[in-house]
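Quick notes on the structure that follows.
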């Protein structure tokens, strides 16, 4: 019944075994070890293209590094109003860029609306120093609302970015959950649809601490290694990150784990949909499910041992949530079980 | 024969076992889990005082966080000219402070000279905005030269810091190596001698990635948690760091590992001292040993499989190092062996 | 007919005479001259309280200095969505704070709505490092929409700021225009109603370049002098700023100039109100008047020599402005004349 | 007898007349006015090449803008250990670059030694993120020690900069004083000898507040306009700066004023050289003269109305200055007179 977050789960056995395997002996430090190089090549294989991989310790670091790597004076990044980048990173992207601005863009279900994006970008005309200059569009896949951009939706966003010379970044804290939901290849979900770089998160999907900024476009983010070092994310024993990634990709572990948590997510969604006590806030098909309940009832369920968190009401839902109600988020992890869903259902419905 | 760095070694078995033990199940994220709390208390026990512990991923992050936590407009930190803070962090402390300055202070054997520190501090008179304002003194224990400040030497530095209202920070990337060499308690080597905060490093001493900024003085570094978040060092699964620390302190593992690497360091020093091919650059009693050799000879030894790195010639040694010579650094790790020393000696002397 | 901006006008004769008078001979540099001290005292007289005065070169600098002076890690400033601070400073406040965030707050007629402010402030709970921490509320008087907060409205905003421990800053780029419209004393419009600091602008009201951050609360902005220096706004020959201010206050020149430009503003508003070609966008009583016109017609008037600029449509007006229409801004300056108004009227109506 | 600084003098009559002349009527704001454009063209004429001119309010701003305009992650600027950039700007260059580092380089008489520069640059190998990356060499002409680089010395520095792909910046706070001393054209003293940009100072030479960053190389500093705006140095009524520059160049006023202050400097140097109470610290040929005197005697002269400041003892002079002595600086301004020299001499020698 612990659906507080997918980062409440620990590390998968395969991840631990790889760490164990690589824990003895010597390896060159600071990302220049043999394993580090091999895992970088694995990323290239997974994405079917040459790419530069910057390992970091957190998604906050990956996202901030992405913005900082393309920063120019007066730089502005366009992101969804509910994006983790603005709503949950404590201002890290602004800090890492020495004052870069996040321009918030609306859109339903956690997805940037192309029209709203065009309008926002138009608000920063080129060479107009009274305002600043657009440098980056960043979107989250899957979104903070548990939804996914379709490939068509991605293309629409990327077309706007390209048209205005903006880099396109994907916050992939739940990249795997999105990938198995959209049902395409990693390449299709990224560079084949105009994405220049991805914050590739594995922590929420069964690793301890394994994140990377993956850069497809060799022209951008050229000096990301300097920024990473300055953010304190160049690990001496980088192999503790790369050992995790090795196991993560081995035998498609990452996809298996994501399919599992998505399937529990689907079970949660079904349970909510059929409930007469709570109702679905909006449909989502990954491992994050959102429901509306009375605050007084929710606190009873939390007392009974259930774990989930309130979620800020999206603007489009303000009318639908009554004063004594609240939107709540359920997150399934790689160790969530069908029994967890049933237990939660029992707590809610009795 | 691999004496390149103590961060070329992996993770000790006890560290791995603890990670394994804590890898399953759920824990509250972002440092609020039960293990996280318990390990914070262990730090308080180890240091025999209340302290705030900010877990981070690298020594670079801990050092930068220390400076940033006490930063004021125009802030200046005083450090040794060879300090890791200035010579090896890629400008991270300046970056994290949005432009804080490192004022370099001389001193023999890697240790800040009290006289030189007084002169440097006097160079920034109070309330003189044409220059900036001193905010921090930072020293490394053990130093980048493998030496240690005695408790008396620490007191001399801390007296100057206190006199001018400056916070005193210790870069303890090799805190354990210093502690067993100086032969005192953690409290004596820190707050009992005026140290306000320590970058407590465990990575170089058998952990994967376990660093913390430990703050003794509750009046300073009040908002370090915001800075840490902005640097991307608030880990969701913080228990992967605290699990390492738990094992690190358990049964004094940390002291055992440090005694071991120091003893290998001593064996290396003895070997160098008795050599007729190389000579000791300066005496040091921890796990870092420095020797002078001909470049042409050193490259032969490296070809033969030995591993060590050149080290910048300290100003005080410039006269002693001939043009065809170079200072080199040997670092013993927790897995270095007496046989490694003998093999290296064989390579050098045959 | 040149109503492009009040900063298109030059410098009033009295200002020039004072500069001329103070141009010869020596004076101690960097703000420590006799005249500099006297003018600081004049500010204290004008505001009927002790205050610290930081002379700077632009309103952008004064506003950025205000935010930077109270900055803490993760700091957030709350401002109106149309505020100069966010819409016209090229990101300077974010830059000066190394990544401080501007949280945009809605409200009609350019004024922060107390309810919207309370909601925005509540969005940053204390000690929650995933988001940041509120440090400042900043409002513009008179607003970018030419309107003024009444003393009651100021009190409502300041009560919210105080309740949450936030500093309150007033962007007074057109302080004098507001003052003569509200009809109160400088003290009443500021510290007596909870304002902690004011960007006191004189440039738009007949000076060349005379701006100051005036700080009433001695507890805040203690280190503003270091920030000002770092922004490059500590002028060596500060008397060129203070000489302007001396004349500005002498014989209430500042109020006379502001009354004049407001009166022309009123004439413009009357002209617009009576027009059958254009209509008032909203009522405002200072020197800035906003009207709605057809784009095609406006371009004809501009061809005929009139000068005014388009203004972004406020959210509340989106419904009222037809696709072929645009909001335009007219600004009267200290040298605008009744004849200018008549000429503009003739161009528009014939 | 007021030789405290050349910025203690006010503004020359010609400067005031130009300000007066341009004070009435309207002009387009923010540097787009007719006068602004004409003065930019005058700069091109003076330097005999196309150049971009960024007007700012202080030398601190111009120098910081120079560094910030070429900043890259981990960027390092090389400057003389006594340079204004490091010794008198309150950390503004580091602040404007979000943490750029000033690497101090030695050299006699305030001039960067080519050998020391080469060694310093070599200390930052390319693509080595543990240290940072060189981006800029900055030198002062005339130097803080009143001396000037010869054209050959400039070429030697610029060759090193070019060889390593570093931009070359000249801090020309006293550009005119250097120019008339070196006796060459502005072009020869800058871009013809490899200088990419100049902080062109006029304030110390008879203006109120007239500084500009002049950029010769169109490939660098492309986004300086955004940085200037963020530093709060885009003046709305830019004509108050350009009006000063117009008069400054008109009829070679700038050269006349500089020749005058240099000639007074020479008279001061002669007086010091012939003194039996004080001695010349080192020879300099511009408007800044440095002498060594007993502290006790100097305070008597100051009591008697003389004005001059102590100057930090350069490393090369440490042996020559006795404990009861001090180095002092005399600065002649555009209004200094031969009588001032004689009065000072009388005070010293009686």
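Here the chain labels run A, B, C and D in written order, and each chain numbers its own residues starting at 1.
Heads up, the rule we're going with is that a residue touches a chain if its C-beta (ideal position, glycine included) is under 8 Å from a C-beta of that chain, and two chains touch if they have at least 3 such contacts.
Given the structure is predicted, the values throughout are model-derived calculations rather than measurements.
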| item | value |
| --- | --- |
| Shared interface partners, meaning chains that touch chain C and chain D | A, B |
| Centroid comparison with chain A (C-alpha atoms), farthest chain | D |
| Length of the line joining the C-alpha centres of chain B and chain D, rounded to whole Å | 41 |
| Gap in Å, rounded to a whole number, between the CA centres of chain B and chain A | 34 |
| Chain A and chain D, separation of their C-alpha mean positions in angstrom | 50 |
| Sites on chain A at which at least two other chains make contact | 74, 89-91, 95-96, 98-99, 129-130, 132, 226, 229-230, 234 |
| Of all residues in chain C, those that touch chain B in their complex | 30, 68, 72-74, 98-99, 127, 129-130, 132-133, 223-230, 234 |
| Contact set on chain C toward chain D in their complex | 2, 4-5, 7-11, 13, 15-16, 19-20, 22-29, 56-58, 60-62, 64-65, 89-92, 95-96, 98, 203-204, 208-209, 226, 229-237, 239-240, 335 |
| Chain A to chain C touching residues, read off their complex | 74, 76, 87-91, 94-102, 129-132 |
